[in-house]
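The next part holds the structures, each set out as structure tokens.
Shared chain: subunit A. Partners: subunit B in the first complex, subunit C in the second.
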Partner chain A sequence: MSDYRRFYRQKSIGPLVILFSLFALPLALTIQSGVWEEGSFTLKRIVSAILDPYTQRILLFTLKQAFYSTGAALVIGLPGAYILATYSFRGKKLIKALATIPFVLPSILVVLGFVMFFGNSGTLNTVLMKVFDLDDPPLKLLYSLGAIILAHTFYNFPIVMSIVATAWEGLDTKLEAAAATLGSAPRKVFRTITLPRLIPSIVSAAALVFLFCFNSFAIILVLGGGPQFTTLEVEIYRQARMMGDPSSASALAIVSMLINGILFLGYAFSQRTLTVTETVAERAFEERKPSPMRTFFILLYSLFTIIFLLGPIISVLYRSFSKGASRASETTFSTTWYRQLLGFEQSSSHMGSALTALINSTLIGVAVSILTVTLALLLSVSIARRKKNSSFLELFGMLPMMTSSVIVGLGYVLIARLLRPSLFGTYLLITLAHTVIAFPFALRTILPSVRSLPETYLHASYTLGSSPQKTFRTVEMPLLRRTLLTAAVFAFALSLGEFNATLILSSSRIVTLPVVMYRLIGSYHFQGACALGSILIITSGLAFFLGEVAKGDSV
Partner chain B sequence: MKMHRFVLGVCITLTIAFPLFSMGAQKEQPLTVYAYDSFSGDWGPGKEVVAAFEAKHDIPVKVISAGDGVEMLTKVIAEQDHPYADVVIGISDEMVTRAYRADLFEPYHSPLLHEIPEFLHFDSEYRLLPFDYGNFAFIIDSERIPKEDWPTSLEDLTHPRFRKNIILIDPRTSNVGLGLLLWTIHIFGEEGWLDWWKAMKDQVLTITDGWSGAYGLFIEGEAPIVLSYTTSPVYHYTYEGSTRYQALIFDEGHQATIEGVGMLRSSKRKEEAKLFIDFLLSEAQLPIALANSMYPTNMNIALTEGFAYAPKPGVSLRMESEVIEKNLDRWLHEWTEVMSR
Partner chain C sequence: MILQCSLQATYPDFTLDLAFTVQEGDLVCIIGPSGCGKSTTLSMIAGLIHAETGSIILGGEDISQKEVHKRKIAMVFQDYSLFPHMNVEQNIAYPLKNLKLKKQQRVQAVKELLELVNLQGYEKRKSTRLSGGERQRVALARALASEPKILLLDEPLSALDAKLRTRLREEIRRIHDETGITTIYVTHDQDEALAIADQVIVMDQGRIIQQGTPEEIYRTPRTKFVATFTGEGTILPASAFARTLRNPYHLEIPAKHRDPKNTSLFFRPHASHIVENPGEVRLQYLPFLAFDEVRVIRSEFQGTHWRNSCLWNEHELLCHSERKPKKEIVSLHVDITDLSYFEE
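Let's look at the complex of A and B:
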């Protein structure tokens, strides 16, 4: 019997070696480039990076914006969590589904949607100007700190909402009922009974949002501006690409990794306490009708969520079909951007490379999804079929999540400097970088399903005389097909929308969908960017939809 | 088994398709030209110039947008050992030191140089040949700010009435931004220029990485004043018949800039590259001048009516390359120091 364990153990060797070289090698190069000078070890660069007042200011700003953004996301997200956990009402499902949007929406699309919706000539201002008959846009939200925080809030409050709501729904209401019976006022019940049990989930959500905002890249790159509104990640990119100084970038990357490590440990710790949950037979929803005031509040909040989550996306879709004769004139319906995109119509500028970008992104996405799913499947079965639960391997698989994608990109820039790849080689490096980034997500999708497969199935198969090899192929694989498909689609969507690592890796010859979108946004060719963005929206939507379907079907 | 076969099929297709896509570009072996974003961008002259050149010489040309000037230069230097471009368009005189230091360009004494006035020959070794020039200036949206309120000097731009109304460009990544930095050093001197920038922090809507971004924002109506060139109104008059956007002329003077084109030492297509450079210095001069909103360097080019809308500055300021080379790193460091506070 033990030979099947060996079979699975051997399965892990390949993916481990590959993962190690895909992830640890670029990381090691980054660290080496940060601490190595003329053949000897030195902390000079890191120390001078930390002591440089400019870096300190960047770091301070990075922390400041992440702190404010997290606070704002909590303020807006927590009431939502309360509503979702307490009341059942029409449209609740819709809101829950919408709350997953930030998880599947690529960051470059968030920025584009944000500008299209909140910008001076965006949807919100246009509507307000029409309604109140104004000459000037009333909401000047774009640029500087305010815009960054707003964009982060809009991107992250659903995360707070869904994480806390899920935890809240898992709380046993009997405790509250008991407290109420003993004569506590509802306010006191909430403060002394409910809130303390929610704290771990709130901390966990806050840590996650803080981590996201700390590593935010595309949003800062487009909405920030100048040295005053620069974060660590953007500065790493500037140093590496615009100033051509990868060593300084590496020193900054090491600083960033240290801070990320601390944040991630905080998050992991809060996760651990979170797993000590109560087992509830059934969550009793307050079936009583909410008071008119509360109904109004629920309605208002739902409306707010729908507008702010769907508004930017719809604005992008809408703008992709509009065209003005000149930049200032009224716009009319037009499919010209799509025709340019597909190469039916001659186009100048970056739109000319849109079709190539679409093809490249699709090819890379398919390759990434095959590679990622294969690796994640092999690692998953070897983790799950071990006698002892090996959390070490699992942790190893999750490691890429601890570094930001900008830093993964930087590592691959350093590899590219060593290898001097051809154009094809560069695309290959991008594919590998995407694989590293997508891998933890694939592992998280596949591993639980593998664990939930009863091992008795395998034993039955062995008893009937099948080899481990055959059992793996004919019993396990078919049972896991749906999960694998979900993971594959997810990896594809991640790769398609991956911007940070790709941008830092890309030379002028490399074009992928998000990179071309960024260049279009950079030259204020918004309609073209919206046409490309719409394609991303549709793919992300499809990935999301398939994921939901698979979730619904799985055992 | 089916699954396996499918995966195998996809893998094979990918392995074949991947190199195909990269080869597709290489098969024709076009002359590869790096240009700053605004050259090949939406409003740029790139398309027209390239089409005319291809028609005349039957040499395919591929223009690649390589970011703003400074970013493009960084890119070329980074790719030095693995060169890709043959010709680089738009290294301006204020950022040449890095290009010379890296020994990127091969001298080319074009026969057309004698049609270009002596004062524009910024590189005595002719590694870079001047193809257009102009002066930096602030452009104002006359529909947003009435004429009596227009600023009359750099100092005037710090007035509270322009709060959040100005778009500037980062001198670390853009030659236009660098131009303004030198301009302020000319006007306020070493002791005063940083104070001006400090005061401007409340005035700017944002500082963009490149000119394209800044000017795009301006046209979108995000702010009524932007850093650009005195010649920018020419574009709007010529292509849109509009005089809405006007250049602000300051009596204290305007920083000048000369943009050069050069042929990389590493190029394997030097003959074609020379033809292209000659074309830029002759037939392409007018389209470049119009769409790029710059003055043509070739004296034989007659300016169009639109150039009447480009006011000539009374004083044109230039800084010696040696001075720039000696101080630039320090200036940029001081600038970053002040602007990140």
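Let's look at the complex of A and C:
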């Protein structure tokens, strides 16, 4: 019996070694660079980083914007959670599906969509100008704290909505009924019975959103538009790339990791209390029919969600097919940007590298998805078939999630400084960095499926004369095919949209889709950026679709 | 306070249409197979769901349009629905706060209620860490704390094992007697209902089939459904009466035995007596039915008695006896006072 356990245990060695060198080594380099000066250990850099008023201002701003963004995401997301959990109405499925968009949308695309939708010549302003016959755009949102918070809200309120709604739907409604029979009016029932049981999920959602906003990079970099609105992550990038001072960047990275660690612990703790909930979720009583006021409210909220979530995406798609001056009213339909993108037409500097970027990103994406899925599969079967230390291994596999992608990128910057790689070598480093970033997501997709495969299938195969190796190939792998495909598409989409680590690693010669998009946005060539963005939207859409399909018929 | 209910509602799978009265201080059991509408009826009285038409008159006042929390009708749910984020004391104090009791009084009231349900000292226990029986008692104490006019119990014992069920149903009856509160108790277990109820209401497919004391329901079921739902017995065509009647003292036979509307007759297994020797004469003055040439097919020992399945003219008869029948062919005697009739 222990034969096959040993077989699976051995399977984990390769991935563990590779993961360790891909993740832990760059991280160790970062830490070493932060605390090592002229051959000896020192906390001077970290201390001076913490004491530096400039850093303090940045840290304060980082916390402030994350705090406001989280607050705004809660204010907008919680009513949605209430609606989704309480009423059934047409379009509820659509809203639930739309709420998963932020999970698959690359951040550079969020930025672009935001500019295209809320920008001075964006869709919203164009529509408002037409409707109210105005000469100037009424909403001037870009490049301010408000823009950052608005973009974070757009990106994060669906997370609040879906996490809290899921918890809410899982609550046993009989408790509310019991409270009513004990003499509590509806408001009081909500305050004393429903709300206290929802708190863990609200805390959990808030911690997650805060974590995302704290580590937000692309949104701050583009929408912040200057040193005035710099966060810790952006400062790490600035120190490492622009100032050429990776040691200071490393010191900041250590500070950032400490704060992240605390936030992550808070999140993990709220997750733990979240699992201790009611098991019975039988809807014993009649569905509540909303009053006309409520119906109006539901309609308004649904409309708002759809516009807020789909508007930016549709704006990007629309703009990629338009040509002309900046005003939408004067534009015409055109496929110019796609022809330039594919190299059929001569184009200006950044657009000229678009085709190379597309090819590079695709190749990197394919490599990342093969590497990630192979590693995640081997580690998953090893974790699932193991009796001891399985949760420790799982935690190890999830570790890269706890460090921001900017910091992963910084680690690879330090490696690049040691190795001084060629252009091809730099692309290789980018591929490895993407693998580290994509790995936890692949593990989270594959591991549950492996766990749900009954071990009796393996036992049956062994008794029928197959070796563990053959059983793995002929029984387990085919059963996991769908999950592996989902994980591969996810990894591909993640790599294709990966911006943070790539940007910090890239010199001017490095081109990938998001990086070229960033350069196009930087030079106000929005239509070109939209054409590239549309390709990202389509791959993200595919990843999203496959994810939904896999969710629909999971074993 | 007298409760008079008249409730009608249509659902995709069945129609509910019933009317009944509950006397003050009674413990009424509603029994019926699952899906017969008994829990729905309870939810309607509590106000958790609404009837399409009808009225719920409690002490002269129609409460059917009142909101749940203003009805003063407490309910113990099947899975108890203790609030998981509160301990035992907080759970029981929850309705006391709605009654605007002061802290001091609340503590005292919780203590008394815990004594009533035999859980002294359980105040600080977590409600999620209690056993099924303890949860049940806490749920009961919490319901009583709201000083309800009526207490509703929705299959309160169905989640517990058989031994605990018997003990707790005695407990519920004791608590009912001590508090004197009008109680409606829904169960699908006929033994439970017969054991503790003052009145039993038998329901099937959204309708009331029979209401009466447990003895009436058991001894003289009005329909085949009531007869078989409340226990075992023998059903024969009504014509068997004339064929087997013995009336040694030529007494007058009550009219119900001759009613032409009757199509079936019914008796319980312990109403029939086995006579093993044809010549044996039982001391019997009253008229009785005698089934001769009965073949004993199978005898099962039940502890207090033997349960015998017999065959008489291709009809199956069920009969209890104190000892195992020695002979294979016997006679069965049934007093006519133990007979009931159906029109189906």
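By definition in this document, the second predicted complex is superposed on the first by the 542 of 555 C-alpha atoms of A that agree within 3 Å, B and C clash if a C-alpha of one lies under 4 Å from a C-alpha of the other, contacts with A are read in each partner's own complex, and residues count from 1 in each chain.
In the analysis below, contacts are C-beta pairs under 8 Å (C-beta built on N, C-alpha and C of every residue); 3 or more make two chains touch, one makes a residue touch a chain.
Bear in mind that the values here come from a model prediction, so they are computed numbers and not experimental data.
**Q** In the superposed model on subunit A, is it clash or fit for subunit B and subunit C?
**A** fit
**Q** Just to be sure I read the superposition right, which of the two partners does A:T230 touch: subunit B = first, subunit C = second, or both, or neither?
**A** Only subunit B is touched by A:T230; subunit C is not.
**Q** Given the touch rule stated above, what does A:L182 touch, subunit B (first), subunit C (second), both, or neither?
**A** second
**Q** After the superposition, just quote the angle formed at subunit A by subunit B and subunit C, using C-alpha centres and rounding to the nearest 10°.
**A** Result: 160 degrees, to the nearest ten.
**Q** In the superposed arrangement, does subunit B or subunit C reach more residues of subunit A?
**A** Counted on subunit A, the partner with more touching residues turns out to be B.
**Q** Give one of first, second, both or neither to describe whether A:I193 is in contact with subunit B, with subunit C, with both, or with none.
**A** Touch status of A:I193: second partner only.
**Q** Where does A:D172 make contact in the superposed view: on subunit B (first), on subunit C (second), on both, or on neither?
**A** Once the two structures are laid over each other on A, A:D172 reaches subunit C alone.
**Q** Measuring by CA atoms in the overlay, how small does the subunit B-subunit C distance get, in Å?
**A** 45
**Q** Contact residues on subunit B for subunit A in the complex?
**A** For this pair, the touching residues of subunit B are 3, 7, 10-11, 14, 17-19, 21-22, 25-26, 34, 37, 40-42, 44, 46-47, 64-67, 70-71, 74-75, 77-79, 81-82, 84, 164, 168, 170, 172-173, 201, 204-210, 212-213, 216-217, 219-222, 240, 336-337, 339-341.
**Q** Quick one: which bits of subunit A touch subunit C in the complex? Just the residue numbers, please.
**A** 172, 174-175, 177-186, 188-189, 192-193, 196-197, 276-278, 280, 284-286
**Q** Given the complex with subunit A, which residues does subunit C contribute to the contact?
**A** 43, 46-50, 67-75, 77, 79, 81, 83-85, 94-95, 98-99, 128, 142-143, 145-146, 148, 152
**Q** Using the touch definition from the top, list the residues of subunit A that touch subunit B in their complex.
**A** Residues of subunit A touching subunit B: 53-54, 57-58, 119-121, 140, 142-144, 224-228, 230, 238, 241-244, 326-328, 348-350, 356, 359-360, 363, 366-367, 370, 420, 422-424, 427-428, 477, 481, 507-509, 519, 522-525.
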